[in-house]
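First chain A sits with chain B, and in the next complex the same chain sits with chain C.
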Partner chain A sequence: MKSSRLKINLGYGLIGLASFALPLGEFKPNRVVKGILLYPTDLFSPYLIMAFFIGILMLYIVQMRKKNPGVLTQWLMISLGLLPSLILIALSAVKISGIEFNPSAARVSLGSGYYVLLLGILIILSQFKSFKWFLLGMVFSVVISVTLNLVPNLGLIKEFNNVKNSFIKAIGTHLTLALSSALSAIIPGILLGYISYTHSRWREWVMGFVNLFQVAPTLSLLGLVMIPLSLLSKAYPILSQWGIKGIGFAPAFIVLTLYCLLPIVANAYAGFQQVDKAILSSAQGMGLTPFQIFYKVSFPLAAPIILSGIRTALTQNIGNTILAGLVGGGGLGALIFLGLSQAAPDLVLLGTIPVVIMALMSDQIFEFCEYKLNHMMGVVHDTTQTS
Partner chain B sequence: MIQLKQVSKRYGDIVALDQIDLTVQDGECVVLIGPSGCGKSTLLRSINRLIDTDQGDILVNGQNISTYKAEDLRRQLGYCIQGVGLFPHLSVFDNIAIVPQLLKWDKSKINDRINTLMDLTGLPLSYLSKKPHELSGGEAQRVGVCRALAADPSILLMDEPFGAVDPMTREQIQLAFRKIQRELKKTVLFVTHDMEEAILLADRIAIMYKGKILSLETPGGLINGTHDPFVNEFIGADYPLRLLKRYTLADLKVINVDSKSQLNQVSSLNEFSTAKEILSEILKSGSQEIMIQKTDRTKVIVTYDALIELLQKVLNNEIV
Partner chain C sequence: MNKYFKMIAVVLSISVLTACAPTVKEEPVIVATMLDSEGGILGNMIILMLEAEGIKTENKLYFGTPDILRAALENDEVDLVVDYTGSGQYYHPEDATDPSIWNDPEDGYAFTEKLDREKNDLLWLTPAPANNTEMIAVTREFASANALVTMADLAAYINADNPFKLIASAAFIENTMGLLGYEEAYGFKLTNDQIISLSSGNTAEMLQALSLGTNGINASLVYGTDGALDQLNLVVLEDPKQIPPVYLPAPVIRKAVLDMYPEIRDILKPVFESLDLETLQTLNAKVAYEGLDALDVAKAYLIEKKFLKQ
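For the complex of A and B:
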């Protein structure tokens, strides 16, 4: 009760902060110059703002009294959910007078107020049972306003139109790189996990080996891989014809694969470790060969935990793949680092949003798979604890 | 037949098996019993080569086990361990079918065999599709017995198979196993630490201590004790009383009575009751005899003297 009250107050506090003190957006005559900050009063008429506050107040009262939402409250909640996309449309349509600018280069970026407001709205709506549907509706309304071209002047959209072709290609490269490197870590990861389980003397070496990659800074690791690769491709020109060079896909792929090893090895080890020794002993006593014990007993019983390791690996890998942009491996990292070097936060945002969406989706898909697998196995594991 | 000749095994300074000689005849059930760490499990596990011995020969059906490939040997020996060790991700059917599948039996033969085994252990066929976690402890134990018997091995190795179930279920499954054993006449080497289990199931009881077999006797043969003080202490002064558990009404001399007679009060026992239960009932009744109604409604009288007579017969080796 207390914590939910605290959350509700926090949510409304954030909305108040955003509406009074923080800029919702920033109008920029072109990409680089500093722009004009836009506050709610610059976007909406005073009457509309008044109506907004009255609505918010009503919702606050309803929520504090813990009454079941009536029809009016539901409409208020829906309007609140639509607010983020409405503000986007208003930001895009804002008219600025007094300065000269080129309409095709001018853009509106999102300001701190917008993010704070969004957070406040999410906190408030999360207190209701139908939060999932609200969230879906919010995302949908934003997608609709983008596809119907209602927000043409938004910085994000302008950047998207600039890099449209390379953006879609970047998503493809990003996914390919993230998936292929994570996939190629699976079999070595499981085998290393099994070896460290069966040969306890080797465990420290294996774990130390995979930990090394995890603690080494990614950038230095990339640098370390680039040198031998470029030497190799110089020594054997045929390699560079296959795409194995000091820069590009190869070093990114190798480093990402190494990065994926730790969660897979650690979970595989834990998975094999938790298989009941009595089960293995009876399997051996019944005359299963070591290989049959592995694929008929150990592996299926460890599979749910191994899967959750793969889930961790892939989800973190989607984020890590950004670094491929630094060594010419492409992907969304290329866009993000371009945005950073050009001081264009909208371009950075454009590169980041798909990364976040892909990571969340991969996590959700794996959660579903784990659930199914656990049911199939008839083993009740708490897989949420292991990653 | 299982033969052990001068088998020894050491773990560092600890002698787990000390020049063991033991022969288990065809169709015989030998129970190995002793305190923890006496080497009884080591002995059992050395037969299916889960443990390699240092010295001596082990022969299974006349052939030295070192001439087999370990996996081939194990597939010929039924093996059942404490806690069953059923594979939790496989159905009951797949659990039982493992060894026949390894031996490449054809499908219809496996199906027939599994149906027979389920019938034998008193499990309904509908259980075949269940997963082990859906079974009770006793049911899982029965599936474990089915699995050990699956490929119809002539020899069964059982390592405290009923150790992990509650006492009531344990007694039921012990009786079921005894019935199966009498029917199938397997050669069984059975490890336990429960004397009553040994008394109930064994043709001969081998008492082990510090890697040696101190005594190898029929349950009745132990009634007088031995020269070994450890064995006497181990079987306990109340051994004759515990031995009564091995026998039932069928082993006792009874007086038939007219089923219409209403004279005596009828006890709650029947022909499946053990002699130990009958003695308890007599002690409780305060008289020298009790009346027992069999399941076919005929009535018999058992006297205290009949129990004395039974133990005398056991002493004289007239009953095993």
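For the complex of A and C:
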């Protein structure tokens, strides 16, 4: 209770800070020059003032009604979720007088105040059970305002319009690369984990091997892999016909796979380690071969822990795949590096947002799978106990 | 259980095989460029022109950094790129013994063209008459306050122990035809804490840092075709001794591909010949500073110059 009050006070503090001290956005006459900072007090837009006061009022009501949430609270939460996009609309509609600019080049970027305000609201509302309705309202209203073109002057939207032809393709390439490289690390990862469990002498070697890739900087590893690959594909043209070349998909794929090994191997090892030795010896006593013991006993019992290793691997892999953009592998990294090279933070943000969303989604999906798997394993345990 | 393992193994091997299988293609020309606004504009122009003449292309624009792009071209991963004549000094360092050829646009082109044709089967097509060379820019206020017009003025300013900080790419700083050449020719020497070195050669971020005065930066590397220096309130210092090489942008194509489509040479020639320094500056400014789409900018230019019909 006490920590929740502290969090609520922190949230109000952040909202206050954002409302009076920090810029909500920045109006830029073009992509590069320093813009004019926009504070909430500068935005004498009826939208914003209204939204702000209604928001505070609703927050108050929601907090009052905390004891017994009902349908009204849900609707209040959903309407509160409209606030972030109302501010976006107000920012996009801002009129600047006194300076000359080309309307097609001018844009509004989000400022620190916007993010702090959002953070404050999220901290407060996450204390309530009906928080998910707020998230629903927020996502829904942002999607609506983007699709109905209500925020045409936002920097993010301007950058999106420039790259929209390649955007979906970039997401596709990114996902393909991240998923395929993580998938191909699964079987070798589990086997390496099992070997280091059964042959304790090899454990140090295996762990040292996978650790090596984790500590080597990704970029330098990419550079190292590219040299032998391009030599190989030059010596054997058939390889380059299959798409194995020194540049592009192949080096990125290899490096990402190597990166995925550590979490999978480490978790597989821990998973096999925690299997009760008594179960193993009874399996042996029943006359199972080592291979049968592996896939009938050890592997199913270690599966939940192995799965959480795969979860870590895939989630970090989605972020690591950005580096493929540097070696012609494509994906969202290409957008991000283009944004960095052109000093366009909105383009960098545009490339980063899908990466974050994909990583969160993969984490959630795996959490669900882990839950299901644990549930299933629990049932198995019960039946063995009762039978 | 055994069945499942076999099934998984079969599915995995099939998916691996299909991913690696050689795809039968109609041999489109793979066009790739560097990760910058000029790469986007010139690359889109090439694609638009080739497609208009019925040659299939594959879009690999914004492929990667200059060294990656060059390696991809040499390894037949891409077919047609935009490169700069002065880069020949890096591609053929053992033959580039006479630095004076790089100060002449024709000599530099002839040198790089000949060596790439003979050694790498790469053909340089007609370049644009726009020298995208490396220069040093300062803010207008800084130049007028300290009466800086040429590099010699800057050398005098630095030698008088005035505060100075330059932002540039590592390649420029360590090059005898870059900063080292400037230092020797004009007689000044920058200390390490007067230089901010970036690994990439993208001037957009350098010029932004200069125009905002980040970290006390008061000079920056700038390329000849960088646009919107006016809007950023920057001026370029004159270099009467012409220290850096001449960099003319030109399409570079693999011989095997040009043999297949010999008409590419004549399709691209008039377009590149039309791109003089001022034109490229204007087009670059539209993309890098106004944030317009490189494809739209390229298309509008080609239509305006009647290379393309609507």
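Quick notes
One rule holds in what follows: the second predicted complex is superposed on the first by the 343 of 387 C-alpha atoms of A that agree within 3 Å, B and C clash if a C-alpha of one lies under 4 Å from a C-alpha of the other, contacts with A are read in each partner's own complex, and residues count from 1 in each chain.
Convention: a contact is a pair of C-beta atoms (placed from the backbone, for glycine too) under 8 Å apart; a residue touches a chain by one contact, two chains touch by 3 or more.
What you see is a predicted model, and the numbers here were worked out from it, not measured in a lab.
Of the two partner chains placed by the overlay, only chain B lies in contact with A:L288; chain C stays clear of it. When chain A is checked against chain B and against chain C, the one touching more of its residues turns out to be C. When the two complexes are overlaid on their common chain A, residue A:G248 makes contact with chain C while staying clear of chain B.
Shared-chain residue A:I279: touches chain B; no touch with chain C.
By the touch criterion defined above, A:V297 lies against chain B but remains apart from chain C after alignment on the C-alpha atoms of chain A.
By the touch criterion stated above, A:N161 is placed in contact with chain C alone, chain B being left untouched. Comparing the two complexes, residues 296 of chain A contact chain B in one case and chain C in the other. Listed in rising order, the residues of chain B touching chain A in the complex are 45, 48, 50, 70-75, 79-89, 98-99, 102, 131-134, 147, 157. Within the complex, the chain C residues that touch chain A are 1, 5, 12, 16, 19-22, 32, 35-37, 59-60, 62-65, 68-69, 71-72, 75-77, 200, 202, 204-205, 207-208, 211-212, 228, 231-232, 287-295. Interface residues of chain A, counted against chain B in their complex, comprise 276, 278-279, 281-289, 292, 296-297, 300-301, 376-380.
On the side of chain A, the complex with chain C involves touching residues 30-34, 102, 104-105, 107, 155, 158-159, 161-163, 165-166, 180, 184, 187, 226, 230, 233-234, 240-248, 295-296, 325-328, 334, 337-338, 340-344.
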